[in-house]
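First the structure, in the form of C-alpha cells, and then the observations on it.
Every chain is named by a letter (A, B and C) in the order it is written, and numbering of its residues begins at 1.
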Amino acid sequence: MPHLHLEYTANLTGLAVEKTLLRLNNVLMASGQFGSEFDIKSRAVKVESFQVGTSINPRGFIAVTLSMLSGRSPQVKQQLSQSLLAALQDLGEWPANVQLQLSVEVLDIDRDSYSKVAIG
Amino acid sequence: MPHLHLEYTANLTGLAVEKTLLRLNNVLMASGQFGSEFDIKSRAVKVESFQVGTSINPRGFIAVTLSMLSGRSPQVKQQLSQSLLAALQDLGEWPANVQLQLSVEVLDIDRDSYSKVAIG
Amino acid sequence: MPHLHLEYTANLTGLAVEKTLLRLNNVLMASGQFGSEFDIKSRAVKVESFQVGTSINPRGFIAVTLSMLSGRSPQVKQQLSQSLLAALQDLGEWPANVQLQLSVEVLDIDRDSYSKVAIG
C-alpha cells in the first residue's frame, strides 16, 4: 500500500498516462505519509465504454481512487485527495469539446487482513 | 458521484454495452436520489480472463458496483440495488449455454475525502 | 459473492492467468467459508500502464482483492488473505529482473444492499 487506481475515458486522447502516474506518485511521496516510495503501486486503465449521465454530449472523466491502510485521520485523507486532484488539474490541455470531470476518492484498506510480500 | 462500474464476462457476446449503461443511468435518475444527470459516471469493462467456481462449465457474470457518497439509508441503497438488478434482468437474450449470474453491490464513498471538479 | 479481482502488471509475462484463478478459487473452496463453488466469481486484469514508486527500475505487482458479504470475523479474513497470498507465492518462476510485490486485500460487501440472481 498505498494502491492508486486511475481510470480515464478513451476520449481524453492527449493524456500522458505514464507521466501522470509518476506525477501522482511524487505527490504521494511529497505528502510525507508513506515510508518508502517502493510501496506506492499505481495503475491506469483506459475506459473504452462509458456513459456520463443521460445525454449524448461529449463528456469524459478521470477518476482516481487511493486505497490506504486504515488508521489515517480525516484531515490527512482530505489533504491527500485535494493534492491529487490539484495534480490532475495541472495536467492541462484537455480536449476543448469534452465536458470533463475529475474526481479523487480515498478508500480504507482493512489493516488486519491485508497481506503483502516483496520478491526479488 | 455516483460512480457505476459494470463488469461483464467476454462470453456474453450479445450484450449491448453502451445501451446498457444508458439504461442503468436512466434507472439512477428515475430514483430521484441524484440531483443532476451530469454527475452519474458509468463505465463498463469486458472481462477476458475469469473463472466462476471450480468447474469448466460455461459460466459468466455481470457484476455492477454503485458507489455513492455516504449518508444514504439502507432502504435507499437496497432499492437502488434492486432497481439496477431488475434493469439487468430486463436486458434479456442471454447465451443459452452459459450459466449466468447478475449481481449489484452498493458502496459508500467517504464524503469528507471525496474531491471533484468539472472542467469545460 | 465472493468476488475476487486479480490485477497483474504486463511485465509478468509468464503468468498463467486462467490456471492462477482456478487455483485461487480452489483455495477459497478449501477454506470451508463458502457454501457453493458456483458462487465464487474471479477475474484477472492485465495492467498495461503502471508505476511502482518513483523509480524507473523494472517493478511489477500482483494485487488481489477478495470481496465478501459482511459478517465474517477478522480471523477468518486474515486466514483467507494469507492463504491467497501463499497460493500466489507458490506460482513461482518470476521474471528475474523485476522487483515484484504480491498483495491481498479483503473487502466487505454491504450485505443488505447486495442483490444477485442466477440465470440458466
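The criterion applied here is as follows: contacts are C-beta pairs under 8 Å (C-beta built on N, C-alpha and C of every residue); 3 or more make two chains touch, one makes a residue touch a chain.
Not measured: the values here are computed from a predicted model.
Participant: Among line, ring, star, complete and other, which one matches the pattern of chain touches?
Facilitator: Contact pattern: complete, every chain touching every other.
Participant: Looking at chain A with chain B, do both copies bring the same residues to the contact (over half shared) or different ones?
Facilitator: Different residues, largely: of all residue numbers at this interface, under half are found in both copies.
Participant: Just how much do you need to spin chain B so its Cα atoms sit on those of chain C, in degrees to the nearest 5?
Facilitator: Going from chain B to chain C via C-alpha fit gives 120 degrees.
Participant: As a quick test, compute the distance in whole Å between the mean CA positions of chain A and chain B.
Facilitator: 21
Participant: What are the residue numbers in chain C that touch two or more other chains?
Facilitator: 45
Participant: Under the touch definition given earlier, write down the residues of chain B that touch chain A in their complex.
Facilitator: Touching chain A: residues 1, 3, 17-18, 21-22, 25-26, 29, 36-46, 67, 109-110, 112-120 of chain B.
Participant: Considering only the defined contacts, which chain B positions touch chain C in the complex?
Facilitator: Residues 7, 9, 45, 47, 49-55, 59, 61, 63, 74, 77-78, 80-82, 84-85, 89, 94, 96, 98-108 of chain B touch chain C in their complex.
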